[in-house]
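First the structure, which I've put down as structure tokens, then a few questions once you've had a look.
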Amino acid sequence: MEGFSFWTDVRIRFAETDAQGIAHHASFVVWLEVARVAHLAKHAGGYQAIRDGGIEALTTEVNLRYHRAAYFDEALRVWARCGDLRGARFAYEYRVERDGELVADGYTRHATVDRDTYRPTRVPAWLADAIATAEASSG
Amino acid sequence: MEGFSFWTDVRIRFAETDAQGIAHHASFVVWLEVARVAHLAKHAGGYQAIRDGGIEALTTEVNLRYHRAAYFDEALRVWARCGDLRGARFAYEYRVERDGELVADGYTRHATVDRDTYRPTRVPAWLADAIATAEASSG
Amino acid sequence: MEGFSFWTDVRIRFAETDAQGIAHHASFVVWLEVARVAHLAKHAGGYQAIRDGGIEALTTEVNLRYHRAAYFDEALRVWARCGDLRGARFAYEYRVERDGELVADGYTRHATVDRDTYRPTRVPAWLADAIATAEASSG
Amino acid sequence: MEGFSFWTDVRIRFAETDAQGIAHHASFVVWLEVARVAHLAKHAGGYQAIRDGGIEALTTEVNLRYHRAAYFDEALRVWARCGDLRGARFAYEYRVERDGELVADGYTRHATVDRDTYRPTRVPAWLADAIATAEASSG
């Protein structure tokens, strides 16, 4: 994956399918989150570290384009990368693949807020540094 | 419904179906909760009132027996009643019907805990009274 | 709501919240579907009628922007309108409100396919007509 | 785990938590299914093999007892074993553990039906044999 260096794998659960016989489109939103959490765990000490630092990262936008149907018990690879870090905002891009074939792609946008006041708060320097380092090393 | 006086209606969402073409069995667990929340809203000032009183009501057991399959967009009636209130514990019974036909039945058990310490705490008297009154009036 | 004439109401379920204490962002994707299904039920004989006609409507894109957090047991109004009907494609726009205040907005895109071959199939004339009539009458 | 020889691991997703700050009780129902599917994949050619054989395995009962709360990002081990195979019925037992500590336990019951007629159909001999062999070898 050009530009991506991190991925996580998910296997489609039966509960994630629907009566069309395919993975329900809302299931993908959860898989993006799984990848985001795994990415932060690897590069930034984990989502829990962010929360422990008095910060909540809210999701402010989700975009997903579905290119192929996916089915029960299939293994999907979710590529994720973080970028566009500015002030209290950052974004993630994703590609969801099955055996190298594009199934879906999309992005999410996030805002960091103070956990008590819910006011926008700059992404902490340690988190910004961790993300910058992660993406730089992914060449 | 003999012994039941409270119900709430749900319509089966497409996201709640699975690749067998029926409502996924985990969806029913959520519908029981919807009925429980509605029952508490009517009889005990609402689940939020319980939480605001420094109490969390944890679910300690779920039991569901599925008698018939249910399908997308069907209207289900979820009958619920509370009982078996003792100390820090109470229970709910349920019947899920479609046009008067039994689709599923079951029960849940719950324990009240202090919101800060998570230690078991007696069901508050106001809640116990509200529940007792509710069930007495249901004849 | 300027340009919208159809809405459906949902009440946030406890199962739809997350450990941030708010409605999980994936829950909104399901609520958009609930509104879409209700809109089709009113204007086009229902989603089931589409499926019975040998057509599946696949979701090809979801976009959601979250403007305010939403909480357990809140009542949300989901405004929906259909448009941009071309060949085998159509789209929906949404606004999610709480007491008239914007909580989220977004759109979904869809493609109609033959139920057996999963090949793109023009939106049936009866469905296209129903949608056009619905939106024209909404002034 | 005495009597259990098969397990599968899940990590608690953020979407699976609720506003009590813990994993929502309905999430466990899905994890039992994940373990069941993995068990069948190992011992009986997979759930898909069952479906391909013209059989659907319906869930007829779920029972879960929750002993401890579980939290976001925790790793849970779900032990599963199949048994009580009679005619068109079989059952599963489960224990959900975190670092060897019991978090929940329960069982599910299932019925095999013909995929076209939805009439009860004996569990196919190949499936019964596979399950019997699996459990015998688990000593």
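Every chain is named by a letter (A, B, C and D) in the order it is written, and numbering of its residues begins at 1.
Keep this in mind: contacts are C-beta pairs under 8 Å (C-beta built on N, C-alpha and C of every residue); 3 or more make two chains touch, one makes a residue touch a chain.
Note that the structure is a prediction, hence the values are computed from the model and not measured.
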item	value
Chain separated most widely from chain A, comparing mean CA positions	B
Interface numbering overlap (same over half, different under half) for chain A and chain D	same
Centre-of-Cα separation between chain D and chain C, whole angstrom	34
Chain B and chain C: spacing of chain centres that average the CA atoms, whole Å	29
Rounded Å distance, chain A centre to chain B centre (Cα mean)	34
Set of chain D residues in contact with two or more other chains	14-15, 26, 29-30, 33, 72
Residue ranges of chain A touching chain D (in the complex, touch as defined)	13-15, 29-30, 33-34, 37, 41, 46-48, 72-73
Footprint of chain D on chain C - complex, ascending	14-15, 17-19, 21-22, 24, 26, 71-72
Residue ranges of chain B in contact with chain D within the complex	20, 25-26, 29-30, 33, 56, 58-66, 69, 118
